[in-house]
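Just below sit the structures, each encoded as structure tokens.
Shared between the two complexes below is subunit A, which has subunit B as its partner in the first and subunit C in the second.
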Partner chain A sequence: MADLVTPAERRRLYTLLSPAYLWLMVAVFLPLSAMLFFSFLTDMPQDAPDWGVTLGNYAEFLSNPTYGTLMAKSLKLAVTVTLFCILIGYPCALVLAKSIKGRAREALFLMVILPFWSNSLVRIFSWAIVLRGNGVLERAINWVLPFDVRLNLMFTTDAVVIGLVHSYLPYVILTSYLALQAVDDDLIDAARSMGASKLTILRRILLPLSLPGLLAGAVLVFVPVVGSFMEPRILGGRMGTYYGTVIEDQFVAVYNWPLGAALSFILLAVVIVILAAASPVLKRAQT
Partner chain B sequence: MSRVDVANVTKKFGQATALDDVSITFEDGGFFALLGPSGSGKTTLLRTIAGFYFPEAGTIRIGEQNVETVPVEKRDIGMMFQNYALFPNMSVADNVGFGLRVRKVPAAEEKRRIAEALELVQLGAMANRKPSQLSGGQRQRVALARAIVTNPRVLLLDEPLSALDKTLRVDMQIELKRIQREIGITTIFVTHDQEEALTLSDRIGILKDGRIVQAGPPREVYDRPVDAFAAGFLGEANWLPEAALAGLSLPVTAAGRRFATRPEMLSISAEAPADGRNAVKGRLQQRVFAGAMATCLVEVAGQQWKLVARDRDIPELPGGGDVWLAWDPADTLAVPA
Partner chain C sequence: MKSAFLLSLSAAALAASGALADEIRVLNWQGYGTDLDWSLKAFEEATGNTVVHEYFNSEQEMLTKLRTNPGAYDVVLVNAIYNPQATEEGLLAPVDTSALENYAGIPAEFAQSDLVTEGGEVYGVPWTWGVTSFAVNTQVFDPAPGTLEVLWDPAHAGRVSIRDDAVEAMQIGALATGQGINDIQDLDAVQAKLEALMPQVRTFWGSENDWNQFMAAGEFDVATYWSGSAARSAAMGLPVEFVVPKEGAIGWLDSLAIPATSEHKEAAAQFIDWMIDPEFYVKWDAEGAPASANAEAAAALDETAFNRRVLGDPEVAARVQFQTPVDDGTRQKYLEIWQALKAAQ
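Showing the complex of A and B:
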């Protein structure tokens, strides 16, 4: 914007940008500010006339080790889900971008995006039907295999991971696909002409050049999964207590909004710290 | 360095035949230009020799080895692409060293050979730059250094100069020729630019519809085209109208043949020449002055002829008036009709 010199141009720029900023203000900044305000209250103003300002909600996180444990558990879950999304999604994107052409690519794309089109609750309950004891998956396996198999996946951490990976996989596929698509096929041909094997091409050309897209996808998965609550609650059952479900409980069950808000902002801070720590790596990947 | 023999190669893409029974030999150490209009199969032929495509029929030999089923990674070729295809994530030195690293050349030797190759293309000082920091001509040189650093058996160039502007292109042509002579590598060069083909190569192959129309040294192809397409594609041809043939002295009998002249073989005058040379009468349409040379457009029996000569060799002529175009009978091109 430094090269915009005339006041008229500047005025036009601000006019054109104002709807976007207005929207951000109303939709993001105001609700977040309200939540930040709530997180410092002893009680919600409409419930208790003697509400006051306190740091106690934040102190609660430190004094009760459960919250720290759950935070660690949620971070571990997010790392696991992100890794699986990368391990499954990147090869998918690679095949979509570089091996398949024409109508087959469109059809596969549709299947990748399909989870986005279905309601997330429907999706999760579908997984419940598939994963539960004597469910679709177990019956299918027992129908094929001669001996009896008991999976008992329902209400385990594995079930939570499966559900989350399925929900967030498209992010990694789409961002990686776009990055891989942008890699000129001539680069691959050039590497082949110099004798490079497929693995070398992947390691030294495709992966470095598509890393920004892959990392963007990883961030898009990691951040929401840390705070996820629906999948853990429905698929995790007794095992499904995570940081996100505790926050949800504060809002809808215990009705302790100030604590829920405080826990949310602690999570936000932790995520920001993690991303900031990773940003040198992310930056280097862009050059 | 090796010779390349292509014998009876046919390549189809679905229903379309890209190469139709192509046989051609590229001599060891030669500089061979494949010339043709777009869709003629010249790039397909190059990529088939490189190993990106496998032919449906026929054999390809590089040196003593049959390679038609060998994939490109194992063919030991060097290739330069139209858009350079430099790896943007690597420095110039890493780009050049890529093929050496793949071949697990020891680090010290790798360093020496990268330096040598960059020296050869006069880019020694740019080793640590990224491709994005180079000009078009410099990228070109890096691509060339990268293609030859592994001492490949054959160097394949896919319209490598078409992305450069004209002055830079001429510089690079001279440079390319010098480097090719210096290392003596068998070089196959695809282009649609006939001037480039004539300047650079010691042999030219003209392709049309997936077939080799004619192959030979530039002068031979230019002076003795085998058919009307070759005559018109390499250089320009003024076709003699059937009605004008009577009374002209022709190198061969007229039956079943068409005749043409090259624009630079003609001389122009207001009177019929009296020296026994061939001459046709026409109407001067336009005279275009272009510095050293001038072009005259003359209408001959409904066809447009072109004459190129030194401006001082063209006499003053009345515009729109009758003129005579004359040429030595030996300079008449004859091709099968």
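Showing the complex of A and C:
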């Protein structure tokens, strides 16, 4: 295809692509390379004049079992959150794409997107108000139910999952919605006319055809949740120590930037390996 | 002729006052005593010197700022456990204590501490001190308990908090296991003690603001805290009482120092003298202050004031173990233990 591009077209291509790539270069690639460089240092150059180059920060991950435990804990959290996002998000996208039309759809969409417009910290603190003991949720339930209910959700793993699902749900809904909307209604009508049940239509037509969208959404949720630190810290209490919070500690509390950087790149490597392992499934879904 | 004489006289006066009126730059935590508006205004009226502030968010940041901005600061707040390191790196200038009128009020155990002196020279003027221990919700406890074991009491399970800080947690563990905080011999005992504490913990707190919010929301019965902060919380109306238990408490000392590269050392010394003045301290204490390192200032407080009633009690003071510098290796070791404890939850 590249051979077919004429010089004039190529010029146009460069002009259109260069702003984006220039921006990525300056805002992503350069800081990331600086971080990669830091991850191989013994000390930050401005703090210790006798800094040197080392692999020790990466060896630290292997020698200290704490980091492995936390990595497993974070991966488990990410899987849980992703599953909940799919379970809640996909049916919602299905209804939005296939059952509801016009104004009602717009209004429902707005409610899906709304969390995106508010600051993530504000979202988490509102959850803290809702979940805490004698908070909004408990009071509401006790007002409706005759017996006394103590949820005690705040500072538990459940609270972290609730907060994260709320934050990342829109990704799954939006990507699934786009994939589902592209499914031709005639296909569904044809299946129905041949006697397919609703479940069969979902299983044989809708799900396979919208799988790329659903998986894209799942990846968009999974990757940031593995490294999340704000929600666990605020909502998780003593249960809220994850891989992401330990990285954050290295940067803001302990000032061990080299170790923090090394831990971040190990996380990046693990995520890439997982996505690569899943890529056969992803590819099959695309065809 | 006469007018020319007057003119030169006034010019000389102007020059003299210009030489006296310096702008000094102070490096400190935000909202920590040196930047009170009423005090700075009075200081400017008394000496002609104006004060500008810059803030740091951690001791490491303070050291980095001193290293990388020579000449930028005239007075810096240094926690005494960082004085030896800063002095050794040549970041601080010796202070001429004969120029400080209020220096005599500082008792020898502070003024001649190894932490703030080096080779007979004073590199830090002891300013404030305080205690890290715990505070209780007075609506739950009456009277306040006298032992650290209350943090491990099953009756308060899920209503306890400690700060998310490796060194502080390990030192609390050392006190609970009857060890010296600066030389923990049996790390395993401390680790086991903290492991037993974990199920009691509701959440970790990070800042004074965190602590106040959790306490106001009724999340905590008992939580580790700092004495100065407890005084502020109580002044805000929270039902809080600070306890120095029979097992002892962690003591810290903050000093005011003059950077070696300061260009206004004389004015800086005037400001430090102002800061250790009993008159200033009494007013500051009314707003919630840590304990003054100046004994005369502490004595000038009202008898009911926390900093005189509790910390001024020699019996209480005897229970306080003062922190000494923690070297990087030990710090790293503590951090590993603390992170493993948290990760196991």
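In this section, the second predicted complex is superposed on the first by the 274 of 287 C-alpha atoms of A that agree within 3 Å, B and C clash if a C-alpha of one lies under 4 Å from a C-alpha of the other, contacts with A are read in each partner's own complex, and residues count from 1 in each chain.
Throughout what follows, contacts are C-beta pairs under 8 Å (C-beta built on N, C-alpha and C of every residue); 3 or more make two chains touch, one makes a residue touch a chain.
None of the values given here were measured: they were computed from a predicted structure.
Trainee: Superpose on subunit A as described above, then tell me if subunit B and subunit C fit or clash.
Mentor: fit
Trainee: Please work out whether A:190 is in contact with subunit B alone, subunit C alone, both, or neither, and reply first, second, both or neither.
Mentor: A:190 sits against subunit B, while subunit C stays out of touch.
Trainee: So, A:36: does it touch subunit B (first), subunit C (second), both, or neither?
Mentor: Neither partner.
Trainee: If you count the residues of subunit A that each partner touches, which comes out higher, subunit B or subunit C?
Mentor: C
Trainee: Check the residue A:200 against both partner chains and state whether it touches subunit B (first), subunit C (second), both, or neither.
Mentor: A:200: touches subunit B, not subunit C.
Trainee: What is the contact status of A:112 with respect to subunit B (first) and subunit C (second): first, second, both, or neither?
Mentor: Neither: A:112 stays clear of subunit B and subunit C.
Trainee: Classify the contacts of A:208 with the two partner chains as first (subunit B alone), second (subunit C alone), both, or neither.
Mentor: In the superposition, A:208 touches subunit B alone.
Trainee: Applying the document's definition of touch, where does A:92 land relative to subunit B and subunit C: first, second, both, or neither?
Mentor: A:92 contacts neither subunit B nor subunit C.
Trainee: In Å, how small is the closest CA gap from subunit B to subunit C once the two complexes are overlaid?
Mentor: 46
Trainee: State which residues of subunit A lie in both footprints, the one left by subunit B and the one left by subunit C.
Mentor: Of subunit A, no residue contacts subunit B in one complex and subunit C in the other.
Trainee: Using the touch rule from the top, collect the residues of subunit A that touch subunit B in their complex.
Mentor: Interface residues on subunit A, with respect to subunit B: 184, 186-187, 189-197, 200, 204-205, 208-209.
Trainee: List the residues on subunit A that touch subunit C in their complex, please.
Mentor: Its residues touching subunit C are 46-47, 64-66, 69-70, 73, 132-134, 155, 236-241, 246, 249, 253-255.
Trainee: Which of the residues in subunit C come into contact with subunit A in the complex?
Mentor: 58, 60, 63-64, 67-68, 164-165, 198, 201-204, 217-219, 335-336, 339-340, 342-345
Trainee: Under the definition above, what is the set of subunit B residues touching subunit A in their complex?
Mentor: Contacts found on subunit B: 50, 52, 71-74, 76-79, 81-83, 85-90, 98-99, 102-103, 146-147, 150, 156.
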